[in-house]
Each structure stands twice: as C-alpha cells, then as structure tokens.
Amino acid sequence: MTPTLAIDALRVGFDSDGGTIAAVREVSLNVEPAECVGLVGESGSGKTQLCMAAMGLLPRGAQVSGSVRFEGREILAASPRDLNRIRGSKLTMIFQDPMTSLTPHLKIGVQLAEVLVIHAQMSWRDAERAALEALERVRVPEPARRLRQYPHELSGGMRQRVMIGMSLLCDPALLIADEPTTALDVTVQAQIIDVLRTMRAESRMAIVLVSHDLGVVAGLADRILVMYAGRVVESASAALLLRHAEHPYTAALLKCVPSLLGPRLERMASIPGSPPAAAGIEVGCAFAPRCPRAQPRCQTERPLLRKASGPPHQVACHYPLSA
Amino acid sequence: MSGAVRRWRANPAAVAALAVIAALIGLALVGPLFNPNDIRALDWANVATSPSSTGAHWFGTDRLGRDLFARTLEGTRVSLTVGLVASLISLTIGISYGAVAGYLGGRADQLMMRFIEVLSGLPLVFFVIFLTVLFGRSPYFLFLAIGAVGWLTMARIVRGQTLSIRRREFIEAAVASGAGPVRIVVKHIVPNLLGPVIVYATLTVPQIILFESFLSFLGLGIQEPHASLGTLIAEGAGEVEAAPWILWVPGTLLALLLLCLNLVGDGLRDALDVKER
Amino acid sequence: MVRYFLKRLAGAVPTLFIIITIAFFLIRAAPGGPFDQEQALPPEILANLESAYGLDQPVWVQYGRYLRGLAHGDFGPSFKYKDFSVTELIGQGFPVTLQLGVMALSLALAIGIPLGTLAALRHNSAADYATMSLAVIGIAIPPFVVLPFLGLFFGVYLGWLPVAGWEPGSIRHLVLPVIALCLPPLAYIARLTRGSMLEILRSQFIRTAFAKGLPLHVVILRHAMRPVLLPVASYLAPAVASIMTGSLVVESIAGLPGIGRYLVQGALNRDYTLVMGMVIIYSALLIAMGLLVDLLYAWLDPRIGFDA
C-alpha cells in the first residue's frame, strides 16, 4: 500500500550572508494511511522546514534535494496549480499560533467557507452551512455566532479549534500539525489534543504531530521520530520509545517531562548546552558536545540510523543505551 | 562604519548622483568664468536664439535677449543658496524642537507632538503663500517662510531618536556620575543623532528647493531681475511653443538636481541603515 | 465604532476654527491694507471704501461678521474682482479643481497599487528595479516641471493633445494636467504598496492562506490587500495635499479655471479675502479627507475603533 507521505533523503538549505544554512540535513520517513506519527525536536532541529517542504511551502530561495511524495505524487517539483489542488483539501496543515495564523480582517465564516468554495466548488451559502457543521464537529460553542466574528474576538483555544475544523473540511488524507498546542495554556493544550484524537477516530486521516514537547506527542502518536540538528536520531513505536529509548538525547528529553507520578525533583531536568548552529559543517555526531555518553569516536564519525533492539526501532548512535 | 561605506559603494545610483551634484555645484560656481555674459545684459541682436556651441550664447537666449547659460547658472546658484539657507533654518528648528520634546518626555512631549500632528494635517504650503501675500516678498522673509515648512519630519525623527537614546543605560550612568544636562546632550545624544539627521537633512534639501522653485514659479518667490530655476521654468513654460529651450534647459537642470539629491538621501539612508523610528 | 468617528470629528472642528481665526487675525496684522496700490488713494475715498467693506469697525465686530458670513457660506467680497464675491468665485472654480483632483487621485491609486503589488510579487527582478527606479523619478520631479515638458512633447512636437486652455466638459484638456498631477503620488503609492506587500507576504496568515491551497489572486486580493493598504491609507491625506498644491501650478500653466488659479491670482494681487477663503476651503478639504481616512482605517482593520 502506498504510504500517504513518503519522504526520501530530503535536504533543505538556505543561502545567507554567512554561508549556506542547512535546516534539514537528511531525513527519510514514511507515514502510512491512518497512522499518527509524532515528530519531536528542539527549535532548530529542522522539523518545521520538513513540514514546509512536505506542503510545498518552502520559499523561493530554498535549496532542496531528495523527494517528497504525497499519495505517490511528487510534491517538490509540482506546479503551483497541482499543489493548490491538494493543499487545503487532501493535505492540510495547522500552525503554531492561531492568532497570527488566521487573517485578522476576515470573518471566521469566510475563512472557513472559502476552502469549500475553492476546492469543492460549492456555493457560498452551502459552504457556510458546511462551515457551521465543521465548527460543531470540533465543539466550538455557539458556532453560528462565531462564524460572524473576527479572529481577535475568539480565545486561543477556540481559534485553534477553528484551524482544526478548517483543515478537516475536505476530508484530508494527511493533517500536519506544527506545534498546535505550544501557544496555548496547559489546560487548553489537553483539550486540543483531545479534539485531534476524536477527529482521527472519526476518519481515516493520517496525522504528523510536530512538537518540542514529548508529553504532547505521547498522548496521540503511534510512532515517534526524534530529530536533532536536521537529522532523525531515533525512530520507534510510541510505546517502545517512551519506555526503552535508545538515544541519549531521547532519554534526556524524557527526563525533562515533569511527571506527577515520579519522585519530587529539586530542580527541573534540562539538557546542558545548546544545539549546533545550522550554518556549521557536521563533524561526527551533532549531539556529542552535550552527550553524557560521548566517546572520542563520536566526535569524528557521524553515526548512521541503524536498527536497534527490534525491527521497528532505529537509532543513530555509536553507543545506544541498550548496548 | 565600514559597513556603511560598503553599502554606499554598492549603490551605483547614489554614487553617480553625488558626482552629478558635485559637478552641478562646481559648474554653478565656476561657470561664469567661462562665460562672461552678464545676466542682465540684453542682447537685442540675438533675441530668442536657440542653443549653439559656437557663438556667444551656449544655451541660447530668452525673449529679452538675455544669455540663458548665465541665467541658468545664476538660477542654480540662487536655488542652491536658498535651498541651503532655508534648509538650515528648517533643520535648526526641527532639531531643536525634536530634541527638546524627546528630552522632556511625558506631558510636554505629548503636547509638542500633538502640535506637530495638527500642523502636518494642514496644507502648510497654502499658509506660506498666504503669508507671502501679507508680508511681502523680501528674500529674508522667503527663507524664513520656506524654512518654516520643512521642519516637521526632522522634528519627528529627532524626537524619536532622543526618546530612545534617553532611555538607554549609558545615559543613566552619565547622569549618575553627575554630568550636567548640557554635557549629556553634547557628548552622548548628539553623536547618536548624527546618522538620522544627516539622512533626513539630505532629504529635506530637495523638498525645500522644490518649494522655493514652486513659489518662484508662481511668481511669489524670487523676484526680477534675479532668477531662480523656478522663475526660469515659468518663463520657459510660457514660451514652450516658440522657444522650447528656454524651458528644457532649466527644467532638466532642476529635475536632475532634485533627482540626484533624493538618490543621495535614499542611498545615505540605506547605507547608514536608518529606519523611521 | 460610531463613537470613534465622533471623537475624531470633535477633534477636527476646533482645528478648522483655529485656522479661520488665525487667518483672520493675520490679515489684520499685516502691513498695509487691501487698498494699497501704487498711487495712494485720497483719504475720503479710502474711508468710504473701508466703510463699505466694513473695515472701520472694531476688530471683534469684523470677526463676528466674518464668522456669521462663513456659517452662511459667505466668504466675503473679493477686493480685486469687484463684481464677484469670493463665494461666487469658489463656486465657479471648485468643480473644475475637484474634477482635476479626483481624476489625479484615482489614477494614482488605480495605477500605483497594482504597480507596487506586481513589483513585490516579482521582487528583485528586472521589472521590480525598473518600477522602483521610475518611482524615484516620479517622486523627485514636480508637476510644474513635468507639465510643460509633457506639453512640449505631446502638444508641440506630436500635436496630440492641447497644451493649455479649457472647455466645459472637455476631457482632452485635462489629460496632460491630470497626468502631471498624479505622477508624484502615484510613484509614492507604488513604493508604499510594494514595501507593505513584501512585509505582509511574510505573515503567518498569508502562509495559512497558501497552505489552504487558495490561488494566488485570492490570497493577494482577499487576504493580503487590506492590511497592505493601511500605509497607503495613511498617505491619502498627504497625497491630497500634494495634489492640491500641484493643482495651483497645473491650473496656472494649463489655464484651467479652477480655484487654484484664483488663489494664485489672488496671491499676486494681494486680494486678502480671496486668498483667505481659498485657504479655508483647502484646509477644510484636507481635514475632511483626514476624517474619511479614519473611517477607511476602521474598515481595513476591524481591530481599530473596537472599544478595547
């Protein structure tokens, strides 16, 4: 069966005054139909640029190589017209900050309905009715009133529900959610993940859930990929990764998630140091400077993604935790 | 500083414009040495002749037989002089006003800015015309009136800069070390103002020259027998069908002057990286 | 929303009032009277004239009379055009100037905005640089230089359009003046639009619009245009001021019988009431323009005027 999304050896770079910046150094991943894949990493790990590449939204000056196929069709070289046919209908994306992601001077109803008018050739009246239904699906209170309001009149959580509703209008095969909860209050975060879970149960939609917060991803993902400095460093089923992480970085991330059940900590765990600058050249493992298990070999030889303990589990490390 | 020079050099339009301005100024000052014609001399034998490189009148003559080359150079001199003097007046008013407003801050600043807001909403040009009607057309008054129009932008810029500089730490440090307000202004505020002031000064000059030409064109500015580019263009506009050179010589010169000044101002703004904050 | 507009209106009325007052007292303060000419008039005639025009009354009385007159739309008599009142002159000239100004502003917007948008969409291309270079030229060179050249080129050399003159209802006579008038604001609007568009295109909500698969023209027109036009709206009042100033020269050169030409004549003839009347009209126009722009802001950005 064709994977919904097939990314193969993707590289994304930008030209700048200080040389070329490599946002994504090399990533390959597949998303199967109805699967939820979590993508975890710090800012600068390349996860957002990965999503942009998948949507064909990279800026003009970007240097891209590799392949991104959506339902078998190549995205990277596709014409704007072809892209516009799939974007917003079969392949949708929601962004981090719903306040700035919605057009401030247009009513909510218009922003929802236009998707259907353009993609499904509906009349405006029919489209508005469908928009009302979409708002009800994502459980926005007083949906009819909301349709006539502007984005700044809604709360953050409501706006994100609107964004989710907007992305589901045409029954997409894949929804990419880039940090959907980061800009929201903690209580609202859980609600939004809940909405995503419900939507997923009601359809055969695949989801790519991107976040720097493992806790958010853990609640929804079937499979989790961990990114660092533009590469995937570990990939496994969610259950496996959360219990038996192999990569030192993943282990450190897990320690950073505060748990209500664990022992009371004196201070919050954090990972010392910071990720490498994207403009630098890679020598050896990118995580080595911050890794508690680093050996001389790690400084010189870059570890490749290899099978770890079991088949669905891959890790890029010379000295994984189970070894 | 080196970044500024680099950005300046990377802007061929601005560099060329500066050269052209220098050439024009040089020509205006030095020109009369090559062409001894007096601006008032009426050469009845050669009324309204077209330009020729041979013969006595390089740019031709006007309706009264006056040599156009000499008159154009005089016009350029007058326009530049008025431009510079009025600009200085404008800048002085603008900088002082802006610096005071920025330095005082709070209520006084709000009030002063309100005043500027109201003034910018009015057609000041019309008021100046009104004033010239009332108070006559002496050249000194002209400088003052013209200068009174262009100071608003500079005041705003200076006030913005002063406000942001005033809040910075090194000012507090200076105050704490017991420096008096004058010393603070001179040693700390002024050097930081230099960039934006230079840029907007360079952009104010063409505005002022434009305004003076405008008034002279209408007959409300420079009076006979002196000429400014504005009066020359007015003459030329009247003769456009019979003797077009009377128009296009001063016209091209004024257009060139204004264009180059604007290019230099824009170039300086990009080079010194000044934003309108 | 209504409160916002009323607040603005409340601010505008005093401004106009102050202008009128200042203008009035300035005239009284000026050296010489309206009847000073090369030959001095015999005192009895001067006294008669002054009495006829009400100039022998105390200043406050004159002020009151003037204000009352204004309230009835009466600007007083012209001191030089003996048979006409200023109101009549304004009535004759205003339609012409209005036509000229409206056409120039419309052209500036109708060409400037698309031009700026195209330049932004083709950022850093040859078309972009060409447009922006033309814009610098347009901004720098004033109408009173452009119009005679246009007249020279299209009127004298090519003979396509009349250089000067006017007939009621004629468009041909307005073509060159309108073009000369609209160039500086057009260039400025193009530049503003381009800069604003470049900035807005980088916004998150534009990224969302593209991610929704909306075609380019929908993204630009429905999603980008209104925020892009905010700086252009700010520029509208200065644009009108620039066109008003330009109309003074343009009407004079092209011989158009608008109020601009009357103002210039009045200024040259030292016709006080005429000039003052014109100044008041122009100021009122500009203030009205400012109010309209405030309304426009609220439409362009629904967050403004919202009782926050």
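Per-chain numbering from 1; labels A, B and C assigned in written order.
By definition in this document, a contact is a pair of C-beta atoms (placed from the backbone, for glycine too) under 8 Å apart; a residue touches a chain by one contact, two chains touch by 3 or more.
Being a predicted model, the structure only gives us computed values, none of them experimental.
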Middle chain, criterion being Cα centroid separation: C
Furthest chain, CA centroid comparison against chain A: B
Interface with the most contact pairs, given as the two chains involved: B-C
Cα-centroid distance, chain A relative to chain C, in whole angstrom: 53
Intercentroid distance (Cα basis), chain C paired with chain B, Å: 23
Whole-Å gap between the CA centroids of chain A and chain B: 56
Touch list for chain C against partner chain B, complex: 15, 19, 23, 26-27, 29-31, 133, 136-137, 139-142, 144-145, 147-149, 151-152, 155-156, 163, 237-238, 241, 244-245, 248-249, 252-253, 263-264, 266-268, 270, 272, 275-276, 278-279, 282-283, 286-287, 290
Partner chain A, residues of chain C touching it in the complex: 203-205, 207-216, 218, 222-223, 226-227, 300-303, 306
Complex interface listing, chain A residues touching chain C: 55, 57, 80, 83-89, 92-93, 95, 97, 100-106, 114-115, 118-119, 150, 152, 163, 166
Interfacial residue positions of chain B with respect to chain C in the complex: 13, 118, 120-123, 125-127, 129-136, 206, 210, 213-214, 217-220, 230, 233, 236-237, 240-241, 244, 247-248, 251, 254-255, 258-259, 261-263, 266
